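Below, each structure is written out as structure tokens.
Below are two complexes that have chain A in common, paired first with chain B and then with chain C.
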Partner chain A sequence: MNKQVELKNKRIIASKHVKLGEKNRMGQTYTDINDIFYNSEQTPNFMTGSEVIREAIKRASVGTSVAYPITPQSEAAALIGEIYAEGYLDEYFRGESEFAVMGQCAGASFGGHRVFTTTAGPGTLRAMENFPMWAGSRLPIQVCVTCRGINSPLSIQPDTLEMHYLLETGMLVWHAETAQDLYDFILKGFIVAEQPDVHVPIAVCCDGFFVTHTKDTVDLSPLDKCLTPYDPYRNPQPVMDMETAPIRMMRDPFVMKSNYISYATHASWQQEIKAAVERSRKHTIPLLDGLIDEENIDREILIVGSGTAVSQSREAIRLLEAEGIKVGLVKIKTIRPFPYEEIRQATKNAKHIFVPEFNVAGWLAREIKANIPDNERVYVGPHVAGGMTMPSEVIVEEIKKHLGMEVASRGTLG
Partner chain B sequence: MSKEKIVLCEDLADVMPPEYQELVETATYGNQDRGWKDIGSSKELIEQHSLCAGCPESIAFRYILASLPAPENTVFVGSTGCTSLVFPHVAVHNIHSLFGNQNAIASGLKRTLACRFPDVEKDVVVLAGDGATVDIGLDMTMQSWFRQEKFTTICFDNELYANTGGQESGLMQKGFVAKMAPKGKSFEKVRLAEIAREAGCAYVAVLTVSKPNRVEQVIKNAVLVAREIGPTFVQLYTPCILEIGKQSMEGLDEMKDSETIGGRFVQKEYITDEAQKLLDSIKEETKARKKAAKDKKTVTA
Partner chain C sequence: MSHYEVKPGPEAFLPPAAASMGNVLPDPGEAHIGGKIVPEEEAYDKAARMILGAKVPTIFPGPLVLWKWTDHVAEKAKAIRELAIEAPMRIIPMADYRPKYPKIEAAVEINPNHPNLTIWHNKIDVCIFIGVHCHMANLSLKIIRGGTSCYTIAMCAMSGHEDACLSFRDADLAMIEKLKATIKKLKSEGVESQAIPFTQFKMSRSGPIVPA
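And now, the complex of A and B:
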């Protein structure tokens, strides 16, 4: 029988990382995320998406960022280098490939830093082996994915196919529509991903070029307020710094054992990662004001989308409205966790659901079809790929064609 | 931290496994003069191993762990392979992430620990097999040397992929017939020590693990030079007795044979002038410290 544990004189040692209200070396005050966004004046700025990434990282109390050039994230990665030189980050360097960069990020995260990196397209795929490793190791690293084509022949154009590959990595996957989303998601993403009951990596995705290389008006929080720093000891795993006693992890390494305990351990860990992603909802919903945005969801025709496809859909809805066709809109902000229940509810009155996407696979449509009743209501498209734009007129035509309405003939050459 | 790093909660001490109780009572954390001679009289930082009986890797692990200058502030980075079967039993923080990315992990880790603990030397040591170091991970191994990352890379060279069943590796000898080299390996053993030297390592050593005092000295040199100057590399011959057709008892003989004149593993070191100077000064300091301790002892007596 175990001895009764004496509780007298035992106390929880306050983390040294709680620095709320203190100033960092740049003179910024560590501020609660809610105060940064909801109790501070937001100032409009006109800048590119790459510059928005820089502005977010200036306020994110990041320890390490590792960079590697690949279009269209190169500018953002270089701009982070500039603010590192100014003193905003503790560590920054160029890695030798995306596979190595994600390893370097993992090392920094294992050691207790808040870590941010950026990648795109083929870089995302080269790095891919690292993402489930990050999740399995419970490293709350943030990677900003500025989506671009991954096909051969070589393409650098916007395409969201790479997000399809990220869906089962165990990472949180958020999809920004605009530069404003990108700014908000980067800062809020750190806070959600680092919660002790979540503590998994996050991919904040945006559509390359459309978001990174265009200028937009973005409300920025004050520069003198930054996120509270990452506390590595609020972690479901020991930090690899030898500041806590090393534990003997197991008597027999599971990798080599073909027995039930081994299988059960791996299976339960996979389930735990999935559960951790699901648990992020309760932190995400208040910060992002829900996992989805809804507009006129009582209408019979709905467009459900994510990323810049939503912006194009808004314009398409305006064009259709002019013709007397009323269409509602659902914008999905988090792809992982997927807003199953929210989508079910939002689409319950819809007779026709259109899912415009910038990729050949139509992965978002598949997700929706797999999760709502009467999924023949879902029309997989329109989708474009390989860097093609999706003019609002294309969405309008596709909707009208599918509904058996007359389609205005397009202008022809000559 | 010294031994105090591992403190058992008083109320639970009696139900803690004996290996933890021993770690508290007789481990050598914090002992400046720790070395291979503690093996047998002190608690080792390796509890068990799940390697094959007689595997030279197991003794290499014991020597290395006994020789680390400051295990209480050392973090290991491993890779996939036989070594990853041992790390779960080791009383030092260690990371396994993927196959081949060990030097990338160590780069991020070392830099972060340097930022987070500016007043404490946190040593990072990579320990991986030859497949991880030379084949799948060569770019990251070399790039970390180019960048002058301040950690030690140890390669357990068994001249093949042991854990997957004896396939050809870059460090295998030319002509050796192995899985995936059915006609014998067609190219020479990669000259990794020379690559390390040219890639910027301040200290490079190649040897077998037949002589514990040599292993101890090399490990200490490598870790201390990495702390102060830049990357260091140690290549240890740890033959896979299973895959080269030897018996459990023959590992030591195999290593001894390979380090005789003309053998593949005659001990060699490449040391930069800066590193040599550092090692000389450390030697002097240690000598002076030991002499002072001895004198004090004599006076007290």
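And now, the complex of A and C:
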């Protein structure tokens, strides 16, 4: 289905924003994304993922951010409040619930602001109705999802099940492995999501606590350079204010009318949102250096993963290597668009494909199984869920067990 | 590479979005014909020949060029009218995007929710979308490809349209004038317009003014 977009020159088409080169009220210069990442010195800093979110938003020329507390994103939301007080954002306030927050984000985005918010776990689910609404309205809002458990009895610990619910909302869904990814994805995500041919919302996901609450070394771009502001005149459709032409669609007999025409329009509309997600490949590939990263994919055993499951897999691969078992790795950076062709190519020589995940459903393995030939090669797991950690030794054990190798005893009772 | 060719329909009850079939939009200086990326120059020639070879070539100007929201837009609108006269082509506006209920006046307007009705009614065989917001243009282009045999051309001021049979990108005043110049050049070389003679209707606030 999907063509692999070529990396022509590893640069996204440069911004022509009228404010390029001008300074904002904080003294930051509006700078093309290419110059921010590829022509500027990146300085290492040691900080938590929440602090990284704050640093990215300082440089993102965000107009509005709306906050609502829910662990583990509360700290990031509070830190954005602090930089609002310093003058980095135009608007910041607390919503009444996650559902209200996402509606308020929509209003700010309809009004022409660049909008950022954060949520997690049950908050993501409570807000869910808004996400396809954002996409259908072509609102390029960014929500940072710091994944945690969603089900009762509540767990505040990391679990990526909520990402499964986001997959068909029409949003771009990117999955950060590290705090560095998180920083890069937030800034680059705005640029990709706001391209006129894309112009859909983006969920930048990370695994809560593992990324948000641990410290890591992150290379930050200079604080005196920030993204060019959102340009609402590059919106592929006029604001749907529901009252005024040219797009008073909701109040006219269209949505409510049951006839063939309204169904056909809805179908074409839904296709267009999916098409917009596909179009993002062209802009994402140069900025993220591909939708996947590959290491030793010529090996017969491969691990394919996303998020912190990749970090755990790297260590598992090192442990296996010490025993003479060679394993390759594919890291998936974008879940939507899903890198179908890239994964088909990367896994073509593999005989055994393992997909470790931090959720009970195994949705990533399902996506992969649905899109590669000879999918009996895919081993769905290992899984952990509900906030469990995934020790590298568990990945090692699962691979060895599956391959019929001897596994060290876990010990017995009595 | 994608093998999905974007050509006039009727293609299917619900044709796919070309982007979902792997088609990619052109970069600056490029266009696409049928889904194949080509240099912009090639697209001018193809578009001009399609317009001249059509019986009912029609321009569908959208709100972005129908309303004077910048001086540049007014210049573009004038150039579009000159293009229509040069070809010659009919002009049928897409003034807004609301579905027309209970019935569209297909002779004088087009709507993105049921563009096929206008195309069928007027027997339009080649059309140009210009000044239509990209989302609405794509909505229309798929429906047209699904149910009609009309050849669609997009002169997009943004990134272009995979769902058109031929698409320019970054279409500004100069590009509209260049398309007009290409038509003029072909005509000077002996390529004749096949358009059925017509009189362009005019509208008042209360509806169409029947041509004298």
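In the analysis below, the second predicted complex is superposed on the first by the 378 of 414 C-alpha atoms of A that agree within 3 Å, B and C clash if a C-alpha of one lies under 4 Å from a C-alpha of the other, contacts with A are read in each partner's own complex, and residues count from 1 in each chain.
Everything that follows uses one rule, which is that contacts are C-beta pairs under 8 Å (C-beta built on N, C-alpha and C of every residue); 3 or more make two chains touch, one makes a residue touch a chain.
Model, not experiment: these values are computed from the prediction.
Once the two complexes are laid over each other on the shared chain, residue contacts for A:Asp197 go to chain C alone; chain B is not touched.
Of the two partner chains placed by superposition, A:Thr48 touches none, neither chain B nor chain C. When both complexes are overlaid on chain A, the residue A:Ser61 reaches neither chain B nor chain C. Judged by the touch definition given at the top, the superposed model places A:Thr228 against neither chain B nor chain C.
Residue contacts after overlaying the shared chain place A:Pro238 against chain B and chain C alike. In the superposition on chain A, no contact is made by A:Gln157 with either chain B or chain C. In the superposed model, A:Glu278 lies in contact with chain C only, and not with chain B.
By the document's definition of touching, of the two partners only chain B reaches A:Ala100; chain C does not. Comparing which residues of chain A touch chain B with which touch chain C, the overlap comprises 2-3, 5, 238, 245-246, 248-249, 252-253.
Remark: chain B residues 1, 5-7, 9-12, 14-15, 19-20, 47-48, 50, 72-75, 77, 84-85, 87-95, 97-98, 101, 104-113, 115-117, 122, 139-140, 143, 147 touch chain A in the complex.
Chain A meets chain C in the complex at residues 1-3, 5, 8, 13, 138, 195-197, 199, 234-238, 245-249, 252-254, 257, 261-262, 264-265, 267-269, 271-272, 274-276, 278-279, 281-282. Within the complex formed with chain A, the chain C residues making contact are 1-2, 14, 16-25, 27-28, 63, 95-99, 101, 112-114, 133-136, 138-139, 142-143, 146, 158-160, 162-163.
Residue ranges of chain A in contact with chain B, taken from their complex: 2-6, 63-64, 66, 90-91, 93, 95-97, 99-101, 103-113, 115, 129-130, 133, 137, 238, 240-243, 245-246, 248-253, 255-256.
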